[in-house]
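One structure is given here, and the rest of the page talks about it.
We call the chains A, B, C and D, going by the order they appear; numbering starts again at 1 in every chain.
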């Protein structure tokens, strides 16, 4: 039996599970070729928003770039290599500075690099990756390289590539195939260029969304069988792996990074606690003090949003379907209501349910003038935006990501990001959070690459608890936090190894 | 396979688990006959403290009571029954009023009674119980009776019985065997009287600590085999059942009420959030504002304590051994330190670790004058109180539960409850919290009593998720909380039954 | 013109002022001889509650004391003096320990004593005092003595004297005339004994409530004229001085300690923030999480209560008459309502208005079963308790300070302290808060005693800002707080003296 | 004596006052002709930042505008008037929409307009104004017009004019002279055009900074004498009026809007509570959770900043020079330190003191890599930015308003807004807050214009308390807040008029 990882299927027994909850309606679509834009937004991958941050910050713009497709250009880096395809190799310097800034807030990866001076745990590992290509990812990729890996990379999203970062990576010799504004055809072309190199059999896959995995699985089945491990970050990608596994077609061990406790807690609770405020401010400049808000759903995301708004002086109502979360909301000091009870009086409506049609036209009709409506939860299904596309309503784009929807009587609803995820579209994600995920990805690759024969079977695994704890410990120095160590006597008393793991696997 | 309950052994896989952590050092003692006083304090059973509340409140005292042992008295209730043994049947009225007050804050049990007018889910169920005998338990027992059960009851603690409540129960016909201040011999005599009645084969056991279960198991093995189910509330009792199960000797399905999510979250997080303040104020009248406190351990209890003190204007430091909890403490705004870093400067030291010797003599020596030391975590092992029993230190009892330990140079440490649990000794537990546990116990009895053949095997189970949710939902009306219902379409989208369960079993 | 004190009349211009607000209805009663019990409760003197704390703590009781009136006893201290009149000189040791414990939390007074080793700023000052006689006051009195004063003392309240403390004071040679349970006649007899000693012309008065001042003013007008200064702590006493001043009859400068910023902020905001929780818990054991509470009035007291309850997870509504405070409540995240809007749904009603009939019978009739009603604000007028004394309602005393008022349909209202101040009756006051007031009193005495001719006229003054700041600075070491000092250059830039005062007098 | 306003000189007695504190070093510069850029930043006028908000939002840019100076253009509005001078009259529509959006969040002004349909309290009032020209100001100006006033307007800042808004005002017939990017010469030319119109004697001045007042005072002394009243918003302008008054040269009553309680509390406490988070996020995307921050100064601004950061999970240290504010910081749960004690460990340094050289080079040298430094307090003097302009340090502009200052060893300090006010430069101000100030300005104009002869003398006044309360009450409907009314009996008891004022003038 696996010494330090639990098969996901054991962790997620056949009772209705989180995965099933979140993906139920996607099953029928699974075999459809994914559309890059629509589906991608299903992924709760936070990396994307760093683009916004970047672009809002940069005085440097692409406006002067020529319109030639990168596929039609001949580019070489300063060492003469042209095994890459990016927008403009000349943007290297700017991208390098962005990477250096990111390095400062990714201490765990830098610590791994330092360790790697002695041992190269990924020595010889041929890794293909498909993620957002941002400064933070660049730090990850260059860390993998420092650990001994040979990497080839494509973008998991047609819009999110930071061209300057891609340039900086290419200049350092990485084979990267990505630019901002790829067509769908470009997208798959890049992935294929990344994978399909004469005599290059990838051993590890680092994926975000499952497209790279899917491409190899479908197009290069023999290559797929020789893969040693897959590391997948996104909800969507994990779901696809889980379905493969259920269908008995997953012939490679895969590591589910998405459900590791550090990622869950950080991404959902702590991060949303900050990004809800940031997203609302940047788009609407609303004053929080005294505002009435309703938060639909009191899971981790709803908990974070509610806590933040309350802390800033808003009056928060909560809706829930689950009596246990409902009781938590009560104990935390929020009135638990049905949406219809408060819809006429609230100033802000936030959805965090993972459900669909949580806010429907009838609710929107009853909102008061100026009410802000946004989605922090899942995809773009929570608010029934389609119901607002009717002739009697006027849409007015007042800022980027901000629409006023105007009723015949003059009432305006302020709709953010057209109902897509607010924190992806309208706020940034701190590098520190991305660091946790990136470190988990790196460790997952190391674990799978070095695991002795038989530790992992053809299944989807969570990262061993001990590694979760290791990721966390690598981030403690950022806070100048000093961990207490168990004495021998105490460890014995508790029946624990002094070095952990300290909690059972299911601990959340 | 069990439709709605997971075997505990599946939930707690053989990796180092919570149970093992907490009980590691108790194993060797397991076969020793438990001493009523010492061991009992291991049980995190909150009911006990209600006694303190009661006794501090009551102007009514037992001082005038005669000193005759109840075992030597002849008592009859007004209907002529004498199948009970209590302190004084005349105290009925006072006890009845206490029960009535408790009923007002136990809405879920009262709701069960109302339902029971139509159906009697415990019709004919012969139940033996062994719990603290307080007003709140009385509401539970009388609810079981209303649901059709025939009950016989003993006390699980030699000190905690509210004599007036026992009187009120006896007057209504319950066969109760308990009084405040039993000797250890009395304790087992009461349990035996409770069980050993000619021609009365108990079907269900409701236990708190495992003594009743153990007594039947050892003394009446044939009776034990005919038991249909055991419901156990305490950590200690659950541990004992788990060991029986491991040894292959548990021939009866048992329900672990202690680990249900509602109990865990309420007892540990929300309850401690309030009781830390209450316990400190009642004993020391300390002003929280501006005080520096260190909280050892950032599990649920530590989280509750830290949040409360911070909210009241204290500056809180946290110590942890687990990097994940440590990172949570950081993100929640607490400096993570080693105890030795802050021990000289803090005004309050609180242990919440489940560990032993967390605060040792060396720490105590370095504390500043007036420092308050208390334990919210586990047993009485966390603070090494024994190390303070040395000739050069003077102990001065300044109030009930409050000792000044005085160093030769005049420095005083304020030690609360001699290092035992502060919230059991020095604060009260709201009836509302007890109501959640009591309702869970009642539902567990109903589930086990009515489960079809084969649903439960000879193992330790958690209450099915759906019942957890049902318990929670019965407590929502207290908060005038309105749950949202899924539409058919939404339920389908989420792959859920409209009526729950809404989360997987492992959800915490 | 006064260099460092502002005449109160200038600070309180003839527009409707705080004083007038709070005392409007007392004017007509001013000439009536005060009844010790009723009127005394008007005084927001927090010292009283320390009695409760003490008595609840002490296992030591007076029950064995003989019933002889102290006035009829012959008592001598160990040095042979009998110029005192107390309950029992033998209780000295217990009282001394209480004083010693209090000394540990009154660092500022102890610091003054240390200074006094060199200078004796009260050398020769004959001081008569009339305050609660508690361990904390004893620390103050003994500090005055250490500073050079000769003191004689009486109690300002017939119930609040800690007999043991009085004994300890008498043993050390203080002429104290006070015991717990004085009759009204005893009360005035004690005051007179305190003042009327052949050849002893008091120079300074330290008063709490104005009775001592009034007695001298009426009975010994010649003595009154020779007084050098009066220091008054209570709202009531300040009001009486203010009226004397308005009537042109105040021939002595008086210092209003009650309105100093440190006392106001500590007593009202920070102290109530803690005592509302303490008072509710000790009386009702109510769980705060999820409870709905309405706080009537959003002044400092209301702000403290609301913040505390919100921090503990309650949902708080606020009522206000003043739009500015109302807007603050909104910005702080509380729904501003009329009482009638929420009266049916709330679990807790708290009055903090300074007004009368804020909660009337009509409100009480509409409250839900189990609703807790209490007063944190002013006197006993805020809740119309008289309206509950009607035949159809049943009163049931369930605990000390807790009544259930029962409606014919069985509904119970939980009324605390019969509508008197909750924090005086049901919670304790930390010594640290009393320390601030006591230090202010001591400094006010020093200032008045040492002020050069002409600095203070026959008026009521606030303590000079600089002394307020000094009091605050003496309490900072308790928190290990390190003040920043201005550089010469910065002081010049700000136009300030490096040593303060740092803010204008009116700053709050 | 003035019935409803207190002369400021009485409120601000000759002891070192707030004004003196903040302006001490400006005295010598008073007679210097102000430089538009440097000095203007002294003004704590929050309106400016709305520009940033606007410009970041608008897709509409000025880039295509011609470079002709507005002074050289001939422009006419659609009604043929050309008594204005702005950038481009064609931008009317965009500006009108901005104004309409602002109207929605300025309910109090809209309520005044509604009232004005019956009465015209400013009928015939000739008003000259000099303020930031933004959508919010436009709502104010158009409200004044609706109330009967004839207005002419200039900009108080050469950068802050929203050209589109100016266009919309001009199109409606307002004589507005302002554009974004005026030269200093343009600035005074605009003011003069505004004032100097044949046969137009202004009666009222609405000023922000005192430039308009100063211009009339110096250039048109006869016109100045006929002015009926001045309303001044900014600290700087109030200070200048106060000096005029002290010099006996203020021959016109003036109203100090800056110090009204609503403005102070909103602008400083509540607003900074939100803008500190917003400003930090927009510039640095920093994650607040777990960060260590030091806030220098614990006045209203410091209180707001500290509370917000603590609420978001940061660990906050406070520095103070005033022991009273220091004690408040302690009671609020912040460690009070000297800057040097924590400078090595903190991640964020925020100045809120009103002082100069609070953070000096020595502190900056000791900060850790990545430390963020910003100023929320006063001008640009708090951080000694000049000390960073030395050869060995490299400055790198990484984003708008964000500089990295790089030490020879590679350490980077993140300096925001070059030490100028963060909330003016890097965050927006909610319209709701501007609404409170604007309403106060409108009421101040009405009061001064309608006051009977003799109510106001040649002095600086605060708005009468009752009007403060009225401003507050006009903003309560935004929060759906319901004020309680006093009964006749209660009003009598409190000695208050049922309609207020409810607090004395000095109440804060």
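The working rule: a contact is a pair of C-beta atoms (placed from the backbone, for glycine too) under 8 Å apart; a residue touches a chain by one contact, two chains touch by 3 or more.
Every value quoted in this text rests on a predicted model; they were computed, and no experiment measured them.
Contact tally for A-D versus A-C: the pair with more C-beta pairs in contact is A-D. Greatest centre-to-centre distance from subunit D is found for B, with centres as Cα means. The mean-CA centres of subunit A and subunit D are about 41 angstrom from one another, to the nearest whole unit. For this pair, subunit A with subunit C, the centres built from the Cα atoms lie 58 Å apart. Each of the following residues of subunit C touches two or more other chains: 270, 289-290, 292, 312-313, 330-331, 335, 479. Against subunit A, the residues of subunit B that register as touching in their complex are 6, 10-13, 15-18, 20-21, 24-25, 261-262, 265-266, 270, 319-324, 326-331, 335-339, 341, 354-357, 465, 468-470, 472-473, 475-476, 479, 481-487, 489-490, 492-497, 500-508. Taken together, the subunit C residues at the contact with subunit A in this complex read 289-290, 292, 310, 312-315, 330-335. Within the complex formed with subunit B, the subunit C residues making contact are 53, 57-59, 101, 104-105, 270-271, 273-274, 277-278, 281-282, 285-290, 292, 308, 311-313, 345, 369-370, 398-400, 412, 427-433, 478-480.
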